[in-house]
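Report on the following structure.
Chains: A, B, C and D, in written order; residue numbering restarts at 1 for each.
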Amino acid sequence: MTTDASPERLHHWVVTLSCTDGPGIVHAVSGAIVAARGNITESQQFASGDTGRFFMRVQVESPAGRAEFEAALAPAVERWNMDLHLDEVGRPLRTLVLCSTAGHCVNDLLFRQRAGQLQIEVPLVLSNHGTLRDLVDFYGVPFESAPVTSADEKAAFERRVLQAVDEHDIELVVLARYMQILSPELCEALAGRCINIHHSFLPGFKGANPYRQAHARGVKLIGATAHFVTSDLDEGPIIEQNVVRVDHSRSVGELVAIGQDEESRTLSQAVKWFAERRVLLDGARTIIFR
Amino acid sequence: MTTDASPERLHHWVVTLSCTDGPGIVHAVSGAIVAARGNITESQQFASGDTGRFFMRVQVESPAGRAEFEAALAPAVERWNMDLHLDEVGRPLRTLVLCSTAGHCVNDLLFRQRAGQLQIEVPLVLSNHGTLRDLVDFYGVPFESAPVTSADEKAAFERRVLQAVDEHDIELVVLARYMQILSPELCEALAGRCINIHHSFLPGFKGANPYRQAHARGVKLIGATAHFVTSDLDEGPIIEQNVVRVDHSRSVGELVAIGQDEESRTLSQAVKWFAERRVLLDGARTIIFR
Amino acid sequence: MTTDASPERLHHWVVTLSCTDGPGIVHAVSGAIVAARGNITESQQFASGDTGRFFMRVQVESPAGRAEFEAALAPAVERWNMDLHLDEVGRPLRTLVLCSTAGHCVNDLLFRQRAGQLQIEVPLVLSNHGTLRDLVDFYGVPFESAPVTSADEKAAFERRVLQAVDEHDIELVVLARYMQILSPELCEALAGRCINIHHSFLPGFKGANPYRQAHARGVKLIGATAHFVTSDLDEGPIIEQNVVRVDHSRSVGELVAIGQDEESRTLSQAVKWFAERRVLLDGARTIIFR
Amino acid sequence: MTTDASPERLHHWVVTLSCTDGPGIVHAVSGAIVAARGNITESQQFASGDTGRFFMRVQVESPAGRAEFEAALAPAVERWNMDLHLDEVGRPLRTLVLCSTAGHCVNDLLFRQRAGQLQIEVPLVLSNHGTLRDLVDFYGVPFESAPVTSADEKAAFERRVLQAVDEHDIELVVLARYMQILSPELCEALAGRCINIHHSFLPGFKGANPYRQAHARGVKLIGATAHFVTSDLDEGPIIEQNVVRVDHSRSVGELVAIGQDEESRTLSQAVKWFAERRVLLDGARTIIFR
């Protein structure tokens, strides 16, 4: 909603919250926003029948600074025991990217970041291979690599990840075709802030070389799924999926190239929504406020 | 949101409203809902930067009947000069269908209506041809036809349309491949409650036989657009669009068949959203609360 | 290719063939067509690296009748041990439809058949329920139903299927949401001429109530797969697949309705291609000459 | 088709041809291939009812070198007055890229080229702005820019384009969001080997700022069209089109970003097909042998 003209600088706040559902929540939140001299410019909400949770995302223009805004919201937060997050619209999310040898996802993320299409900043890219150093250098992003060929090296690499998360105040870790399985401990430490991308087929194929299996079975659609990482491999809450049509004439190599395109755009879309605070967790699934 | 267990029968209300945007609207509406002992089960809102209008759609469970609910909302309606509509969720919309000789859209609408996928009731189908009588009979819907081959016949047909709208308290008129141009007077009389379907191409083609033109130009995508009827032919606010991929090997006849599929599903989708009160007008465009 | 004007009646032949790949096949087939005074109007071929098989589909205009055409092709058929099929373009395929209680696929097939979009004729619909009798009657197609609630009834039903296949010279059996698993013997008897439709998700879900599972996991794409029936349940060669986007706000019931739409159009597409002799088997996968 | 094992090096030839349709063409071409000891590995053909032209694309493995292969084809070429092109499969096409200030299409082309997904080589990028110098440098491609703000500068720029085409034996010119209208003379000089990309909407919008118009009208699909450049602005034969769904909540800026994604992938797809000799001209439309 529009506001009266005001000489005060306007903040643009994004509020996301979830709590056990019940009557009066919207009224309380909108009342707090009125109290904080705010105008709602975008608002979405959803009550989940599955979990009994209520979810809300609101963008607000207001002259109120963080302290005033939080104070206005405090009674509602306490009354409904809300899990609430307050942030400035457009603030770049501090994002750590992990990769291996395939550059398509990393290039897509960094190109979009530079083009102003992704509100993230990337203080570091970590890899278990040196392959992508030149690509990452081009975008002016620091790059480190260390081999992961033994249990010890893997433990060291994961310690470096956690250290980097700490050092750079990382809010999101993106596995941009990082071809190592994270330990359950690392999955746990990054729960809800680590996004992975993997290929998807109809029907699904288990085991090695799924593109070869998909080719042998003659699938007509291949795609990609971006999801939160959990210790249950490739089974975390889904954020985004895309597919594209293929036919019998496609070689395995062509299927791989087509699949990579879908991976790039699907991962970038998921990161974009996460950075804009549009992705909320509802048990085993996501609520996406597009 | 859920409610405390209650012996009272629960109503399911859907509220749609629009008004000039301003601070406090959401708070006022949610306050009225709390006052009417209601729980919000679905809510969407949108502030249009183009027109300065605010739009909202809310579904509410409440023991309050219509009178109590309207009384609770009255102060907000007055304060913001709201254009507000209150209805029961799931009430079938009284729908008049107009058609000519092509049955694909009529069949799709009536089949979905019978299958419980479309919350409409169809008291009458009117046509300028007798061709579809058997099809409509099968679904147990009254059918009338009268030729439209002269200005007089056209005027008579349009009077019959308006009479039927009146007789049956019609809330929506669907042009299901009705191949006559409505007079400006009829467009005006049905403004905002008459949906048309037509084929769509990239790029668009003007003049007769667009499928032949599309074939000659080798278009790769053909589709359909469902829109509100205005006196500006085929240029009313768009409700829904779909496309499908074609290639050079398709004959004109195949393009027509493919286009008809898109027309059927696009029109049915538009009617479904309209019947569920998900389509609001914002100047020359629609807000769709999916 | 065009032909010289001729007073003789032109036949429109469709030739499909497969054989072990090797040099000279296309030359031999095109030579035979020249010998039979034919002009190729559509031609597609594919050499499968997986199985070493060569596949071809050719449409030909020719004054030659069946005997002359077969004689011209005979040397090539013998030389390469071809699996060759010769048919008239547009001849309706004799099709048996099996269904249970859900009408969306049956309605779509019969409506398209009547609208001239599917070159099939349906001498009989068999069901294990009486539910769809009225719908099938409307299209003027004979309908029989018999319960399948015991092993004996199932055996009797399957005997009736085979008898009907025999009686009506059935070329294609369509499982239009027929909710019984065929016995391995029946699968075997109908190998390569029985098409099934089932829902598809990314990722796949095993076990009962997949729509509920898909809802719980928050899938973003749901769809349908049409495939040949084999005794390996839902794992036969894929003919066609489609998906459509959904989000968290969809109820299980809405997911079901959306899935049914995809099932209808995917099954009808697969039947259309099969009837036009565009579907060839290459081991575990299909070659689709669209 | 497979070949007998041979110590001779195998060439991989791609033959594309068109001629006035008539009986015996396929037989003659396949005979020539047999004579040149070739095996067909991929073949597509199409007879255009609109123009009476016949089109064919064949990939062949053969020990025959260019001279032997051309000699074998010569009688057929002469007999049917064929427009025939013979090339080695996979040879990178010499491609000149023109751009202005937007980098999305240039980045996508150069990244895919480097990743081995596009069989092109780019000896030069020309621009009327210096903006993209760093991006192009990163890919190690020479970059030149010169302003085009007057008729004289435009003429000089176009002379430089033609000179570069000559100097580098350019086979394809790609307008990767080059925001100047080519002169009719340059269009003519580059006829059939110059591809442009532009945004597409349903329905189309004429005039300035189409994204703003599309936003105002509430279009639900936006996309991109890649087409050959002709002097009839944005009306050349269409090579590829894509669309993506949008809704009322998208700002004009978001529509632009979404449109740019569609432009990138649509242009790269068109360039890929062209480089693989899959795009043939049939009057005002293209035949795409995918």
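Keep this in mind: a contact is a pair of C-beta atoms (placed from the backbone, for glycine too) under 8 Å apart; a residue touches a chain by one contact, two chains touch by 3 or more.
These figures come from a predicted structure and were not determined experimentally.
*Asks:* Count the C-beta contact pairs for A-D and for A-B, then tell me which is higher.
*Replies:* Answer to which pair has more contacts is A-B.
*Asks:* Farthest chain from chain D, comparing Cα centres?
*Replies:* Centre of mass proxy via C-alpha means gives B as farthest from chain D.
*Asks:* Please work out the Cα centroid separation of chain A and chain B, and write it as a whole number of Å.
*Replies:* Using C-alpha averages as centres, the distance is 36 Å.
*Asks:* Quick one: chain B and chain D, Cα centre-to-centre, how many Å?
*Replies:* Chain centres of chain B and chain D, defined by C-alpha means, are spaced 42 Å apart.
*Asks:* Taking each residue of chain A in turn, which ones touch at least two of the other chains?
*Replies:* 42, 46, 249, 290 - these are the residues of chain A that touch more than one other chain.
*Asks:* Determine the shape of the graph in which chains are vertices and touching pairs are edges (line, ring, star, complete, other).
*Replies:* Complete.
*Asks:* Name, in rising order, each residue of chain A that touches chain B in their complex.
*Replies:* 1-3, 21-27, 30-31, 33-34, 38-47, 52, 54, 245
*Asks:* Taking the touch rule as given, give the residues of chain A at its contact with chain C in the complex, in rising order.
*Replies:* Within the complex, chain A touches chain C at residues 46, 48-50, 200-204, 215-221, 223, 225, 234-235, 237-238, 240-243, 247-249, 251, 282-288, 290.
*Asks:* What residues on chain B touch chain C, complex-wise?
*Replies:* 42, 103-104, 107, 111, 115, 117, 138, 249, 257, 261, 265, 290
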